[in-house]
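Here it is, the structure, as structure tokens.
Every chain is named by a letter (A, B, C, D and E) in the order it is written, and numbering of its residues begins at 1.
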Amino acid sequence: MARTKDYYEFKPYNVARWTIWGAFALLLLVAPLVFTSSLGHTMLSQMGIAIIVCLSYNMILGQGGMLSFGHAVYSGMGSFLAIHTLNLVSKGGWAIPVSLIPIVGGLSGMLVAVLFGYVTTKKAATPFAMITLGIGELVWASSLMFPEFFGGEGGISSNRVAGPKPLGITFGPQIQLYYLIAFYTFVCTAAMFAFTRTPLGRMLNAVRDNPERVEFVGYDTQKVRYIAFILSAFFAGISGGLAALNFEIVTSEVVSAPRSGAYLLFTFLGGATFFFGPIIGGVLLVLAGVLLSELTKAWLLYLGLIFLFMVMYAPGGIASLIMMNLRVASFGRLKELWVSYLALAFTALVALLGAAAIIEMVYHLQLNAALGPKLQFLGASLDARGVDSWFGAAFVMLTGVALFEVARRHYVHQWDEIQEFIEKEMKRREAL
Amino acid sequence: MLQIDNLHAFYGKSHVLHGVRFEVGEGEIVALLGRNGSGRSTTAKAVMGMVECTGDVLWKGQPLVGRKPYEIAHLGLGYVPENRDIFPRLTVHQNLMLGQKGARARKQAASAGARGRWSFDDMYGMFPRLKERQHTEAGVLSGGEQQMLTLCRTLMGDPSLIIIDEPTEGLAPKIVELVAEYLKTLKSRGVSVLLIEQKLTIALSISDRALVMGHGSIVFQGTPETLRGDAYIRKEWLEV
Amino acid sequence: MEFFTISLLNGISYGLLLFMLSSGLTLIFSMMGVLNFAHASFYMLGAYFAFSATQFLGYFPALLVAPLVVGVLGALFEKYALRRVHKYGHVPELLITFGLSFIVLEMVQLVWGTSSVDYRVPALLSGPLFTLYGTQFPLYRGFMMLVAVLMLVAIWLLLTRTRIGLVIQAALTHPDTVEALGHNVPRVFMLVFGGGAALAGLAGVIGGNAFVTEPGMAATVGSVIFVVVVVGGMGSLAGAFVASLLIGILQTFAVGVDASLMGALQVAGWSITPQTFGYALWKLKISQIAPILPYVFLVLILIFRPKGLLGTREG
Amino acid sequence: MGRDPGIHRKRDEAEGSLVSDGTPIALELKDVRKSFGRTEIIRGCSLQVQQGERVAVIGPNGAGKSTLFNLISGRFAPTSGQVLLNGHRIEGKKPFEINRLGLSRSFQITNIFPKLSVFENLRCGVLWSLGYKYTFLRFLADLDDANERAEQLLEMIRLHKKRDVLAVNLTYAEQRALEVGITIAGGANVILLDEPTAGMSRAETRRFIDLIKEVTAGKTLLTVEHDMGVVFGLADKIAVVVYGEIIAYDTPENVRANQRVQEAYLGSVIATQQAGTST
Amino acid sequence: QKGETVRIAFMDPLSGPFANVGQNQLKSWQYIAERYSGKNAAGVKFEVVGFDNKGSPQESLNTLKAAIDQGFRYVTQGNGSGAATAILDAVAKHNERNPGKEVVYLNYAAVDPALTNEKCDYWHFRLDADTSMKMEALTSFMKEQPKVKSVFLINQNYSHGHQVAKYFRDAIARKRPDVKVVGEDLHPIGSVKDFAPYVAKIKQSGADTIVTGNWGQDLTLLVKALNDAGLKIPMYTYYAGVTGTPTALAAGGDSEVYVVAYGHANQTGEMGQIGQEFLKKFNDDYYTYATYNGIQLLSAAMAKAKSTDPVKVAKSLEGLSVKSFAGDVTMRASDHQLQQAMYITKWQKAKPGEYSVEKTGYTFVPIKQMDPYVSSTPTSCQMKRPSAG
């Protein structure tokens, strides 16, 4: 499965590209009309924010090969400076329109990166990773030690309804803010995509692949990394600024190590090798954070398992899974697979159901045993002390696993056959 | 000693060897010739269990197909890869140490009748240049030095059969001569050699038999003399 | 003098503890190139297993059993998960250990609950070892130091008296070639990972009761052990040892230093008042940042000597 | 189209001889030495290469040929001595600074951008010399000159059929060609090739040498080679490096006749043949 | 209102490092809610539903949105002043921007004084005593301890730690000017593994008393280090009673630890009964006594307002007094800070009949109870009340 990562590139000015960007814009526009609850709106807003920050992270990870453990420093500092600015605005000090506050965040992130990036990007690979870890820990620790700037435990809060209000847009209602975020998301995504097609963007790839050779074609690798790092921090800062507007409070968690870790994990989960991977990652980041934990107390366990399996079976992230299937589709053979996919999905669901029931019962026993052995699981009522429930869950799980294995074998066989066909076909076309 | 029959090898889906068949006898130097890409290196890797393959490879009567490379090495086969796979961060001396087999494997070999044939001193005697550089990281050695090192490293494992893939690649003419001499010494010490070479002159001058490979199978077997005399084979399968 | 001696003792013993925590990580990191984020989780597992084993077997058998179990778990993880992602490079390796750390954390909470467990120092080892200027030096700390030194010696012997170290380093770049030379590479990798995990487990057995055995214990030691490994120099066990001691002593003495930039500036004739810009920074005392000094140290070391104290190469 | 190295020229560093017999000197070494630890690997090399000359560097393995290239191209700094490129001292400068002054090199061990396509590899080689530097405000697709040049190079190294293949998926010989392609891409006028034909078959070598001749026409070329056929076919002059010293630097004929060279390098083949065995 | 169900959204960490505390407190709320459902002044039923905010202020805002979407009009939270500030702020904005859908926030444990001073808000009611109040009580007790002469302050380097240090200096200067602060340390929160150096410093300073606001492992490790070094001096703390800490304290051996709190484990009467039943039911200690006050206050306010509408209930909560387990408590109208009695308890081996905390065989025995006025502190709050109400 891993061998099928192939070179993929949007051709300039083609129809597909316009369609994709158009669809993206449309999606941003209509999403809040579909998910209308107030939680839905905040989540959509947060997704926009997460998309920007994951994409900005991937500028250095996926495109520059720089593994950073401290990306939250830049988005977080963007947040802090943005909220301080917002406070100045509401005190009537400055007359910056609220819609430009994210730019302030971006510039602040950039400024911090100019400072820290100078030392971090002198190095690459592991030393780089470790310096970012160190700086991340330092900033995080400082954020609690300097309440004057970081606001201590309570953080800095503000009110986004402030400053000039053109056209009566106050950004008070979440929906107005959502559209501001959506606008930024679209523009930033486009800008970051554009970056990949510029000389610096390309040299950044070259630096990732073979820094030594880059030096021999005239480029200073440190400088390439440094500039890219600063640009990435700019976008991170924008996302931080948007987050400040969205939450109207900024606390030290925004610069924390777990936050940096989440960016790394989800960017990777989305797929670092493709430009659009982090977009998926950003969406998942919010979904996992907000919804998964509402569904189950065992969410951390599920998250851990998902990562484990994703890294093992789809190290290119979700984006790579999509691209592989698109490739199959472009050879007109995807339709043969959908039955298999249905079978896989269904059997996996069954297995998952059983496994989840077991996990939930274990959690119940450990955490809530006192509330009685009964628990509700997806509408069914389970008895955590009853042999029946355990037996039933195990039975469901095992059946699911067994069927899944059957389906999987069949699928793998089919998949291999199609890949073989594609390879032959490509050779044939090449020969033409 | 080594009998190969109907060997097929694959890289993923691509079928590279199509029924290779030949033998290497005890104390023999056999040259395996052929153009680039004809499958010689793949044959070597297949014997060592490093590529997916089917067919029969018998070593002193034991089947090798399906075994792990280290098991095959324990049985007394040595392999010198073509791309100078030295271990760049280890010193020359450490590289040689890794050529030696683990204690258990040595015991196993000893009980099977093998004696340690090669020592560090032999190696350093053979290539004094290596002795000079023995505490240097192998990664900074010159291309030619690396080539010498790979050869010596494999010899440290006291193989009964050594498969050498393009040992003279990148070596100065003088050293090429030296290597050729050493291959003869190997033979005199009872080691069989399967030599994969591009340079016809050398290959033919030291080998007992020559094989020519083309498109994944053996297209010629015979003595060096016959090959020298066979203009057709040379033209068709060796020159471009 | 009194403060100095006691601080030095404290510093050394803390340094040795750090070494104990990070030796397994050094082993895995330097030899396999894997940044094992789950190392601290193995440490935690060691503590919990020891807690349970102590109840059934007593402390000293637990000292043996718990690391073994952790080691086996580590080896299994290597065999069934880590090995599969090895070919994709360092980042996926790192992420899979990340995932593992979540899973271990949840499992621990499921089995032993969410609060701390009552894992105590055995009576035989509690009490003071000696008393110096009226301050007791606990016997258990002495025991900890002893074990750390034994660990150092054992790993040292393993690395210098066997070729395992060489095999692994070589296999990092050319696994096929190493195998063709007759070394069972996968098994060696598994052993090293298992061994590293076992060392973490051992540290857990000893650290768990010296400190607190609770689900958060992995997170608290998580990143500082990376500092030790990196500061010492990747690939250098001796470096890790020196770095541990250095960081231990540095940190301990820093706690005693109440100097601040403000003080220094005032000596230089500048006056700093709460109105001065950045007052919070100027008034920060060295003692206040002692526990985060390792990170400062890490950043400085990587900038000025990226190989680490005793390392031979970068990254 | 070469580029004018004068753009980057720093006046204060210009010194040394520019002309010997009328043609300017492109590259000059003055008593260059290099030690690694305690071992001196390059032990006082001096050399003058005129503009437009093709020089082959030969010598036994480990003599220091690649090291010499590394010193010139800035991979290492010499322990002592001077290196002059078009009269400017470049020793101790960073590789990219030297490259910007108009010197480019290839590597003995293939050194390309594995995850970029062949075309991208070449374009990376082109960008700096056309003055695009670190810009991120223009699209690559709009850089007509860069794209055109990269396409040209593709044709030159005969990889146009593999334009969009990832470099890592090329065969060895193709990678070697790409290696040379990247090296010449920047239009440098002093070019260093380290064993460009290693690993190629006779026929490929022959084709490749023609290609090198073609693409380096009018430029100064230094190349390390072991294949004497190639050396004598290609070089105007031969430098023989033995044990860190240049023991001869002359025309091919004279080098061939040189007694010391015979002993140290070439003659060995004949010598051993006469002596029979020599264990 | 009678028979109506009042749903309360509980938002605190239910996963992650502080899950143990959050889980326990959720159970406390649910237990008390169930116990008094129907059997209260207003005759309403209570239902408490847990939301996991993971201890994060930003996540708290999400859970708040989720809760409001699901129709909750009462929310409660306590672990962490960061999340508390975020919720207070968000509730204020929500109520302002969505009239008719007001939400009331009961803060049962976040003790940053700012929440009832400069940041105070009409919709926020604090059931716990804030840092300054506890310090008033603690220093009032210390005033009577002649042993206390020189004090060492060791605290976590963040707002709570800063406040503990600051309020101690203020209060002790007023009450016992002769007591000297011989040393003060602030250390980063949660990152000290070895407290031995701090103990050496304490010893060197010659202090005879330690005052600390540390919690969690920053407290247990400190106590362990003190024991290890054989430095047996009394320690005055805020949070020795929090889940997990007693276990760790017990493992460390005997030490003289005092805790200031608005309740304690060895209550008699109904509260004692609740503790016992809770233990039997959940195999866990009941220590979040504010849950009791919370439910009592709510039901009294609902009875008074004859409605469960948050706007009315909030109004009637102001200045409301109810009978608590330790006398009367009053929700001060000026800042919505509950005025209540305070206790000083001491950590020691449990005698028969005393409550064995976390089954350690140790307990916190009350050695002093102080009336509400003792710990009452002034407020700088300028409460903005909704114009309609």
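The rule is simple: a residue touches a chain if its C-beta (ideal position, glycine included) is under 8 Å from a C-beta of that chain, and two chains touch if they have at least 3 such contacts.
Because the structure is predicted, anything quoted here is derived from the model rather than measured.
Separation of subunit D from subunit E in touch steps, taking the shortest path, is 2. Greatest centre-to-centre distance from subunit A is found for B, with centres as Cα means. Centre to centre, using the average C-alpha position, subunit C and subunit D are separated by 48 Å. Centroids of subunit C and subunit E (each the mean of its C-alpha atoms) stand 35 Å apart. Remark: subunit B and subunit C have CA centroids separated by 45 Å (rounded to whole angstrom).
Counting partner chains per residue, subunit E has residues 23, 157, 186, 188, 191 touching two or more of them. Shared interface positions of subunit B, i.e. residues touching 2 or more other chains, are not present.
Shown for subunit A are the residues in touch with two or more other chains, namely 141, 145, 147, 300, 367.
Within the complex formed with subunit C, the subunit B residues making contact are 48, 50, 68-70, 72-74, 79, 81, 85, 87-90, 94-95, 97-102, 105, 153-154, 157. Put simply, subunit C touches subunit B in their complex at residues 163, 166-167, 169-170, 173-174, 176-185, 313. For subunit D in complex with subunit A, the residues that touch the partner chain are 73-74, 94-96, 99-100, 104-105, 107, 111-117, 120, 123-125, 127-129, 132-141, 143, 146, 161, 164-166, 182-183, 185-186. Of all the residues in subunit A, the ones that touch subunit C in their complex are 2, 61, 67, 119, 122-127, 129-131, 133-135, 137-138, 141, 145-149, 257, 261, 264-265, 268, 272, 298, 300-301, 303-308, 311-312, 315, 362-363, 366-367. Of all residues in subunit C, those touching subunit E in their complex are 2-3, 6-7, 10-11, 13-14, 17, 109, 113-121, 128, 131, 134-138, 140-141, 209-212, 214-217, 219-221, 224, 251-253, 255-256, 285, 287-292.
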